[in-house]
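Structures for review follow.
In the two assemblies presented below, chain A is common to both, partnered first by chain B and then by chain C.
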Partner chain A sequence: MARISLSSLKHSYLPNPSNDADWALKELNLNWDDGGAYALLGPSGCGKTTLLNIISGLLNPSHGKVLFGDDDVTGLPPEQRHIAQVFQFPVVYDTMTVYDNLAFPLRNRGVDEKTVGERVSEIAAMTDLTEMLGKRASGLTADGKQKISLGRGLVRTDVNAILFDEPLTVIDPHLKFQLRSKLKEIHQRTANTMIYVTHDQTEALTFADRVVVMNVGEVVQIGTPEELFETPHHTFVGHFIGSPGMNVIPCKIDNGKAVLSGVSVKTSNKAATDVKQAEIGVRPEFISFAKKGLEVQVTKVSDAGRFNIVDAILAGNPIKLLVPEGSPIPSETAHIELKADRTRIYCDGRLAGLEGAA
Partner chain B sequence: MNKTVNQKAWFFVLPVLILVAFNAIVPLMTVVNYSVQETFGDNVFFWAGITWFEDVLRSSRFHDAMGRQLFFTFTILAIEVPLGVIIALAMPRKGIWVSVCLVLMAMPLLIPWNVVGAMWNIFGLPEIGLLGKTLNTIGFDYNYTRQPGDAWFTLIMMDVWHWTSLVVLLAYAGLVSIPDAYYQAAKIDGASSWAIFRYIQLPKMKRVLTIAILLRFMDSFNIYTEPSVLTGGGPGNSTTLLSIDLVKIALGQFDLGPAAAMSLIYFLVILLMSWIFYTVMTRNEEQ
Partner chain C sequence: MLELKQVGKSVGGTVHIHPTDLAFEAGCFNVLLGTTLAGKTTLMQLMAGLEKPTIGNVHFNGADVTGLPVQKRNVSMVYQQFINYPNFSVYDNIASPLRVARLPDSEVKRRVGEMAELMKISAMLDRRPSELSGGQQQRTAMARAMVKDSDLILLDEPLANLDFKLREELRDELPKIFAERNCIVVYATTEPTEALLFGGKTAALHEGRVADFGPTSEIYRRPASLTSAKVFSEPPINIARVVKKDGRIFLNDEIHWQADKALSDGEYTMGLRPHHVLPESAQKSDVAIKGTVKVAELSGSESMIHFDAFGEDWVSLSHGVHPFESGQEATLYADVSTCFYFDGAGKLVAGGPVSEEG
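On to the complex of A and B.
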């Protein structure tokens, strides 16, 4: 086990990348602590699978280094990196039994049969596969097959990290939760470093201690689920995480303060003076109706159980509010109040006043 | 559940039934008819019972032809299937060479069978054929029209040349349908190339290989045109396969009864062996 560091890593699938769009992965520096549970979150095509394949060694980066502890493993093939990977679609060796599937990585490494037997029964117990050990792997359901894939990773004692590439895609919804809890449990038991790629925020936020949010080949923010929710460093993060996402409203900047349709808005941060595009970011949770303040036109109310989601128009921009069930909702013209300590100015998409942070 | 009985549906089956009747059932019944009767010409027939079947099954001529047939079929299967798989494994999976390889592979399959026979006939001639002349020049005493061993060698080479492509194309189709994740997982599991072949590629090719083996079995058991053009069954009877022998009896000697009985036995053998092949090869999947 070791700490995994990525240093000035860049990747392009093209031989001669010329402009920004040619890079599948833009330059990034990252450290993954030993034993952590990480999630790589981002929309499809943002480069998360590319990053994962670079860590596991299935892909060689165009630039930069991958370090496991202090060792440079950039040029090493996957089998020498001691990495386990679970793929989107379950990979099992059809003709083998569940037992042989789990034993396969050990046998390939020349481990003696006695040790193989011990490890396999230990891992089978951990992944609830004990009763199926004698069965042909091809007969299992999708979640059983994913457990085998996971088990093949866990069975090795020399594993540096287990990588998951959207492992729950083909799993039935009611089993997803179970399998995710299983992963959490295994993480706590084995203390393996786990990196989990997904485009589903629920999966990422419930699984990981730290979430890496990516967008168009770039890491936009790394943080705990709370940090991502409370202080998004980028409007993308604010919008991508949370349901509904953060409201992003274009505004003017006057002397470092945000001005919305002529009214000055209190925010928790200040903008620099030379700003091209400024926006106010505030989550629907932190907006409430008030007697006076900014004027909005209420357009739609949707019932979301314990909350009502209110759609409104603020100075020509659509915004959403979360109103607790039972509170009165004004119709047509109303006034709203933004919670000042949760309202932030974003300059060119990034949180204003945040220097040098990823 | 109540099923509606609607006899009108039979009318829709009728056209197919008529077609099948005229191109399969009626000719087959004619053969059955001949196989149990004796004729001296002029369309006069006498009941012969199962005499012809007994004769055929006891005749050493039939046994020899069957032996040669089995030897031919299993030899070409033993060569074409492994060779086809090896070539398919060696073929590129991406890039412009894929189409080039596929077209090259498909070429032999496009050539009419009698042309294949004629090509190899000339190719193997000791005085003027490229193969025959070359072999003789480098010191082999090769003459497929005189020596049975050479005739067999040429016959098998010809079939391998003509039909290995079929196995290649089917095996290749099986190979390219394997998702990348399997190879990636195998790499991570530290599998050797042999293990990848044994546990990923071969199992995934199983279905197409079953079809390939069945097709090659049936076709090679029925083969007539190519050996007929190449050797005509010679020298002597050394390359007389079942179909060639059948034609000799039916059209050469006009022994309609024995020929009909032999046809039926021939047909049942192919049917039985195909069934055995298929059952054995698909047995595991049903477990």
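On to the complex of A and C.
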């Protein structure tokens, strides 16, 4: 295992990139600690797979370096990087037993059978495959096969990192739930460096210690799940993380403070004094109905079980509120309160007043 | 109205659908909820006339249509895979059912324009499907299914292959799109939250049987059976064997609480949804449950704590960030007033709104 560093990394699939849009991956610097759990999260086409392929060595970056520990591995082919990969579709040798599948990466490297046996039974126990070891892989269900892929990724003790590329996409939701928590449990027990690529916020946030949020080739924020939820640095992060996402409401700025339909709105940050137009960002979780305050028109209430999602119109803009199950919900005209320390001003999509904004 | 009367389907001696009675009314949104292989697709094919039932009859507006092939019924279907004519433009894709029906060009133009507007793909009408994002391709397929005023529209997990955020967006729009139409909509999904947000009516499906059918929020809050409660819980509902005696419910010798008066002495299976088991006590009547934490998944806004208590796998789902170490002993607090109690046959006998009324 090793620390992974990306230094001034950027990539274009074009020979002579000229403008911003030509870069599949815009310049990025980051360090991943040894033993950490990380996620790359973003919509289709955001550059996360490009980044993953650069780390695994399938793709050579146009600029910058990839370091494992202190070693520059930028020019090394995948097989010399000692990276294990788990893909979206399970890759198993159907005719082999589960045991032989798990043993394969070890035998390939000439590990003695005694060590192979010990290692395979350890990994099988971890992935709930012990009872299947004698069975042929072809007889297993999709999630069983994905567990084999997972187990094969874990079985080597000499890998620098394990990369997961949308590993749960083809798994049924109720099994996804089990595999997801299993993976987290395995990470905590083995302390492997794991990098998990997905478009699914639940998978990214529950798995990773730190999440890299990407959009159109750019890293928009890196943070713990809590930071991304509590303090989105960009309206994209606010929208993409959280379900429903953050409300983004256009507002006027008067001397750095937010004003909505002539009413001053308390926020935790201030805009620059020369700014006239901006946006207020506040999550549905941090808006509640109140006796007085901003006026809204309630347009729809959706029962989500644990809570209700309320659609309303605030100063001509659609917003959403989350109201706990059983709490009263007014109809038509009502008043709302925004939690001041969770309400923020965004200028051109970026959190106002943020030091060294990326 | 679409009625299934004792409709069953067997293939080579294997029962896919047990004899089923269901009635769907025009202008109503109906959800088929169940895991993969629960029988959702087969049931839809029986409704559409794509499959012939082995036994029973299908009636439409009072007329028996059991043997009538799909071409002779006014039915549309949308699948999980985006199916479009690759060589047609988006316009021609949407127009195709109307041209088959030999509608005049002016009418075709009017309807395609209207539908494209509704599905937010007006700007894409000249493009080929391959030039669209996944979400736009599925919108095109849905527009084609809806353009011809079908009596019955069947949607088989149409959002399953889309990015998380796109799914959220379309999930919000779909009920609005169908609200003005007087057709029967049947929507299959594996996700309880999706069923809840659509509202309407839900049929909980399990192993080829309808375990429950009725207004969605009633089925969720008052599942008729343990099977229905399991189908309609995400994360999975916490289950335990309990005994009622001396006016109390005993989970084991140490954990017991005041019983519902309506419940007679004997053995029951209790079900308790994860959001009613919390890391902090919320009210006096909460029951403390000690367990060993398997893994804590912290999403930044919610904490999902998987723990082992009295030999069962339980889950707690709470707001906020509540860190726990794997292997740690922890006490969680169950709001037992929200417990469901099921008898030996798995039938709901008390709990939820039932006990409040009694």
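As a convention for this text, the second predicted complex is superposed on the first by the 346 of 358 C-alpha atoms of A that agree within 3 Å, B and C clash if a C-alpha of one lies under 4 Å from a C-alpha of the other, contacts with A are read in each partner's own complex, and residues count from 1 in each chain.
Heads up, the rule we're going with is that a residue touches a chain if its C-beta (ideal position, glycine included) is under 8 Å from a C-beta of that chain, and two chains touch if they have at least 3 such contacts.
Note that the coordinates shown come from a computational prediction; the quantities given were computed from them, not determined experimentally.
A.B. asks: Mind checking the superposed model to see whether chain B and chain C fit together on chain A or clash?
C.D. replies: By the criteria stated at the top, chain C and chain B fit after superposition, with no clash.
A.B. asks: Is A:136 in contact with chain B, with chain C, with both, or with neither (first, second, both, neither)?
C.D. replies: First partner only, chain B.
A.B. asks: Go through the superposed model and pick first if A:11 touches only chain B, second if only chain C, both, or neither.
C.D. replies: neither
A.B. asks: Once the structures are superposed on A, label A:224 by its partner contacts, choosing first (chain B), second (chain C), both or neither.
C.D. replies: Once the two structures are laid over each other on A, A:224 reaches chain C alone.
A.B. asks: Check whether A:147 is in contact with chain B, with chain C, with both or with neither, and answer first, second, both or neither.
C.D. replies: A:147 contacts neither chain B nor chain C.
A.B. asks: Using the superposition described at the top, determine whether chain B or chain C touches more residues of chain A.
C.D. replies: Per-residue touch count on chain A favours C.
A.B. asks: For A:119, using the defined touch cut-off, is the partner it touches chain B, chain C, both, or neither? Pick first, second, both or neither.
C.D. replies: So A:119 meets neither chain B nor chain C here.
A.B. asks: Quick check for you: in the superposed arrangement, does A:234 touch first (chain B), second (chain C), both or neither?
C.D. replies: The answer is neither, since A:234 touches no partner chain.
A.B. asks: Going by the contact rule set out at the top, does A:105 touch chain B (first), chain C (second), both, or neither?
C.D. replies: first
A.B. asks: Taking the superposition as given, tell me the minimum C-alpha spacing from chain B to chain C, whole angstrom.
C.D. replies: 7
A.B. asks: Mind pulling up the chain B residues that touch chain A in the complex?
C.D. replies: Within the complex, chain B touches chain A at residues 179, 181-182, 184-185, 187-192, 195, 199-200, 203-204, 287.
A.B. asks: Please name which positions on chain A make contact with chain C in the complex.
C.D. replies: These residues of chain A touch chain C: 43-44, 172-174, 177, 180-181, 184-185, 188-189, 199-202, 205-207, 224-230, 239-245, 285, 302-306, 309.
A.B. asks: Of all residues in chain A, which touch chain B in the complex?
C.D. replies: It is residues 53, 56, 58, 77-79, 83-85, 87-89, 91, 93-96, 104-105, 108-109, 136, 149, 152-153 of chain A that touch chain B.
A.B. asks: Chain A touches which residues of chain C in the complex?
C.D. replies: Against chain A, the touching part of chain C is residues 35-36, 133-134, 163-165, 168, 190-193, 196-197, 199, 216-217, 220, 234-236, 275, 294-295, 297-301, 304, 306, 317, 321, 326.
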